[in-house]
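Here it is, the structure in full.
Going in written order, the chains are labelled A, B, C, D and E, and every chain counts its residues from 1.
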Amino acid sequence: MRIKEHPILELAEKPPIPFYFNGKKLYGIEGDTIASALHANGVKKLSESIHLKRPRGFYCAIGNCASCNMVVDGEPNVRTCITPLKEGMRVENQQGKGHIHAK
Amino acid sequence: MQNKEAIVIGGGPAGLTAAFELLQAGASVCLIDRNERLGGQLTKQTHMFFGSEKQYASHRGIDILEILTNALGKYGNKLEILTQTTVVGMYRDKVLACVKGDKFFKLKGEKIVFATGASEKALPFENNDLPGVYAAGAVQTLMNEYGIKPGEKVLMVGSGNIGLIVSYQLMQAGVEVVGLVEAADRIGGYLVHASKIKRLGVDILTKTSVKRAIGKESVEAAEIWDLDEQWQGIEGTERTLEVDTICVAVGLAPLTELLQQMGVKVQYVREFGGNVPVLDENYQTSVEGVYACGDLVNIEEASSAMVEGRIAGINAARSLGYDVENADFRIKALHHELKDLRGGPPGDKVRKGLKKLGVAT
Amino acid sequence: MDPKNIIICRCSDVTLADLFELFDEGYTSFEELKRIARVGMGPCQANTCGKMVQWEISKYFKKPLEEIPFHNMRPLTLGVKLRAIKEAAEDEE
Amino acid sequence: MIEKDGVPSLNQVKAEFPTLETLEKPKAIIECYKRIPCNPCETSCPFDAITVGEDINDRPRIDFDKCTGCGICVYNCPGLAITVSQIKGEEVHLKIPYEFTPLPEKGKRVNVMNRSGEVITQGTVTKVQAGKKQNKTALIHLSIPKEYVYEAITIEVSHGS
Amino acid sequence: MKNKAKIVIIGGGISGASIAYNLAEKGETDVVVLERHYLTSGATGRCGAGVRQQWGTKMNCLIAKKSIEFFEKAEEILDYDDVEFKQEGYLIVGSDEEEDELFEKNVKLQQSLGIPAKKLTPEEAKEIVPHLNTDGVYSATFCKTDGHLNPFLMTDAYYKAAKRRGVEFYTETEVTGIDVENGEIKGVKTDKGYIECEIVVNAAGGYAKQIGEMAGVDIPVFSQNREILVTEPIERMQDPMVISFSKNIYCQQTPHGAFIMGRGDNREAGLSVESTWKFLDEMAKTVTNLLPPVGELRVIRQWGGLYNMSPDRQPIIGGTDEVKGFYMACGFSGHGFMFGPMTGVLISELILGEEPSMPMEELELSRFDGKDVEAYETNVV
């Protein structure tokens, strides 16, 4: 779903970044956030709401709404729409409120 | 905690011009923006701006951004730019709590200019939380910042300038805009924008709204319906559009949380979609040394935001004791620019809102 | 429209039907709704639902929006890890 | 009705046109139906043919005697609300702004649309100006049947693939 | 709005609502509750939501114990769905020998009153809260029947029960004056009108002193801002409230999942409920030391609320000879929420002339007459 050509914007070719979504290897590109990389791969459902278990994706894409929270490298409640994608990241759909681990 | 002479929060059109004026006057500026790149909404604005040469009319937003950031360039030694930095707390002693990535830190500003802009409103309809229902700004971010299409077929909700412009931008990205619905009985934005998408085949339906999003894990269709005089949906007029994205562009609300945290006096102004700070003629809030400008103080076009940023910046610089060349004359001229920009029918709402705040227009 | 499927507060999963029920029970202000139903109390701090709640109160009780007080704004606007706050505080010492 | 669907009436359109005799020379047609704060048409015109005036919100007025139909205002208008028309025999030569990829090639037959977004006829692309000056708002020159002089406004977007 | 009522209660927090309920339950329904903002907008809605019986004075222990007994049956008694009462205990950790001696004394007192508190070694404490950092922990006490209670829902339960029994509640109604003639209550002035009455109950929390002044009664209390923060919700990871007097902290996970925590830093007396960055810093330092994994949670909100402090840190419950018909339920010194049930019981008994459920001498205002009283409840954060 990446835009191939654009009349106004110059979309430079950028190096790919491999990462894992629910264990499956996917690729984003440099400059992606976690949410943008997932969206480019056709993944829209990012989490399930905490009580009603409704599917949720991002809504605002600027870190306001907390609708895009996911588990990233084991850490829950990461706002994926403003978190830069990094190579090898393990991203998972968040179900429930998540568990934390001491660092 | 670091002490700063002047802190500008928000690197959009208002923040950039405020920072420029402060620097030009001789002040040191710490410019904070939560995004990777400065520019606020300018980074996504691929269309040409209205207004006059003074506000860079006929230049695209993305090109105006370049002009504004280049202008800051020559003050490199007095300018500190903190990008990907979010101000998360604002305390009464003018201490800002900031977050950059995993790091938390505090700054204290002698003068603070708020140019935090606005956030998009959400809309209550069935399954309004289904993935694929996106705010218009999110769609713009996705397309124009990350080069990603939000979907293949979109229903646009709202005919203000944002809804109209984003519809056009979607088409430029190769996305089909299946229709645009507007709850009011007429188009909200500039008619030139509306005509621009209509002649390319986008149906604009007034007195129509989205009833529900349909889909299991993401949007597969949208049901729209006609509205009656009381803005209520009329049973039996429902029809289904096959879309994978519903783009919500139903207006903006000023981002005044931080100001309110520090106890700045605000007033609810319906025309501006929420609480806005009460300002004096220098764009200073009820807290001494705290200024505000841009969409945060009234929802308007970026052209006006740039002018307001200059006024706030000049005044903040003067209050720091800097001599600003021709300050009185320039401020007068800037107020005149605002008056011009707000003088026509699109400015009706702004003038009405400002009147409620006791601001002469 | 089925208010049970209209989500007002995403963070706490509060629907429009929930709001209607609370309105009928006599809760008429945003602050009360926050405390009884956690609407607007989640990580987004009413950023998404705030204006919708205000609008629904206004519609339901047929009061102008100007008369519906907006909720209190409390720091922080975005979640910050306690560890990050501690590290910054120690750095400053 | 333009306030409801974005489509100006034929009368509204015709009011912006000069006489058909005048159109034997290329002339800019400005379709800016509502007052907005904007004046690049005025400031960009090298011939002083367009006036917005003191109040930036006023609608632009064009002096067809001064207008040469150069098309500079077409790609400077933020609202993409200006075209240039010229009647040449049985054909109308139209210059339109265009901001889509790919750009149509010279000689290509394209679908021509009216203000409601309906295909009304076909036309031929006679020239494409898309240089630095146009700054990504290309100027497409079209040749279409004369009868569509008041109707034709743009061409159908083709996304190549 | 009524212009006449027998009893006017000032303050729509847990105390006011509980007093109203208890009066109505005993048949006295000519009662009005006045609240300046909305119910729980004051100290109740700003508190740490913990309820405990581990106190250092007999009086506090007794009030707390009887209150907990009520909470255990509150839903049934008040016919309310869920007040989010969870008895998962209070773990009190101490830092040194001196605190250990205090624990020893307290537990003995508590056990003598039937409160199931016990002393623990640091290792035993860690069994209850595995992520507790026991470095610097000398000993601890634990009472399994202490716990968490939702202040909003608990107050709401009282409010609804009182309302069903005929009490009227006026919110967004501010008391501007109290009419006293010849040492007797005559009425209450509000910004919405006048209410003639015989009895006024001062349950105004942080503003109790100001209400007292309106009636011409000098109440030796002062208010102090105490700050709190709350984190994003997370799946269950900590059962009891963890609290330490020497480390000046309390921290618990609510049933909803969020962690709520506060400190007891001494502040200037005043009515400010300002949030400060200093609190954020201090809180973060203390909690990440005592409960390290909690450091990975994000703070989403902080706020302040008023402790209404009495000279001996025990509540002032009762009337006064100075003004007939003026009753006080104030000076709770930070634990008015958890004492709510007994506050309602005792005040209603006094007003209705019933035999009080417990000896009142230590609670009455007159205990301070001409005396310099020292804080003798020291177990406060």
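In the analysis below, a residue touches a chain if its C-beta (ideal position, glycine included) is under 8 Å from a C-beta of that chain, and two chains touch if they have at least 3 such contacts.
Computed from a predicted structure; not experimentally measured.
Q: If each step moves to a chain the current one touches, what is the fewest number of steps from chain D to chain E?
A: 2
Q: Identify the chains in contact with chain B as well as chain D, in label order.
A: A
Q: Would you mind checking which chain's C-alpha centre is most distant from the centre of chain B?
A: Result for max centroid distance from chain B is chain E.
Q: Which chain, with its centre taken as the mean C-alpha position, is closest to the global C-alpha centre?
A: C
Q: Looking at A-B and A-E, which pair shares more C-beta contacts?
A: A-B
Q: Suppose each chain is reduced to the average of its Cα coordinates; what separation in Å results between chain A and chain D?
A: 43
Q: Take the average of all CA coordinates in chain A, do the same for chain C, and state the distance between these two points in whole angstrom.
A: 25
Q: Whole-Å distance, chain C centre to chain D centre, using C-alpha means?
A: Comparing mean C-alpha positions, chain D is 49 Å from chain C.
Q: Can you list the residues of chain C that touch 2 or more other chains?
A: 7, 10, 42-43, 45, 47-48, 74-76, 78-81, 83, 85, 88
Q: Could you list the positions in chain A whose residues touch two or more of the other chains?
A: As it turns out, chain A has residues touching two or more other chains at 6-8, 49-50, 54, 56, 59-60, 63-64, 67, 77, 103.
Q: Touching at least two other chains at once: which residues of chain D meet that condition?
A: In chain D, the residues touching two or more other chains are 99-100, 136.
Q: By the touch definition up top, name every chain pair that qualifies.
A: The complete list of chain pairs in contact reads A-B, A-C, A-D, A-E, B-C, B-D, B-E, C-E.
Q: Once bound in the complex, which stretches of chain E touch chain A?
A: On the chain E side, the touching residues are 131, 232-235, 237, 257, 292-293, 295-298.
Q: Enumerate the contact residues on chain B facing chain C in the complex.
A: It comes out as residues 1, 86-91, 97, 99, 102-106, 119, 121-129, 211-212, 233, 253, 256-258, 260-261, 268, 270, 273-275.
Q: Where on chain D does chain A make contact in their complex?
A: On the chain D side, the touching residues are 99-102, 136, 160.
Q: Along chain C, where are the residues that touch chain B in the complex?
A: 1-2, 5-8, 10, 16, 45, 47-52, 55-56, 64-66, 70, 72-78, 80-81, 84-85, 87-88, 92
Q: Which of the residues in chain B come into contact with chain A in the complex?
A: Within the complex, chain B touches chain A at residues 34-36, 46, 60, 62, 86, 119-120, 122, 129-135, 137-138, 141-144, 146-151, 172-174, 216-218.
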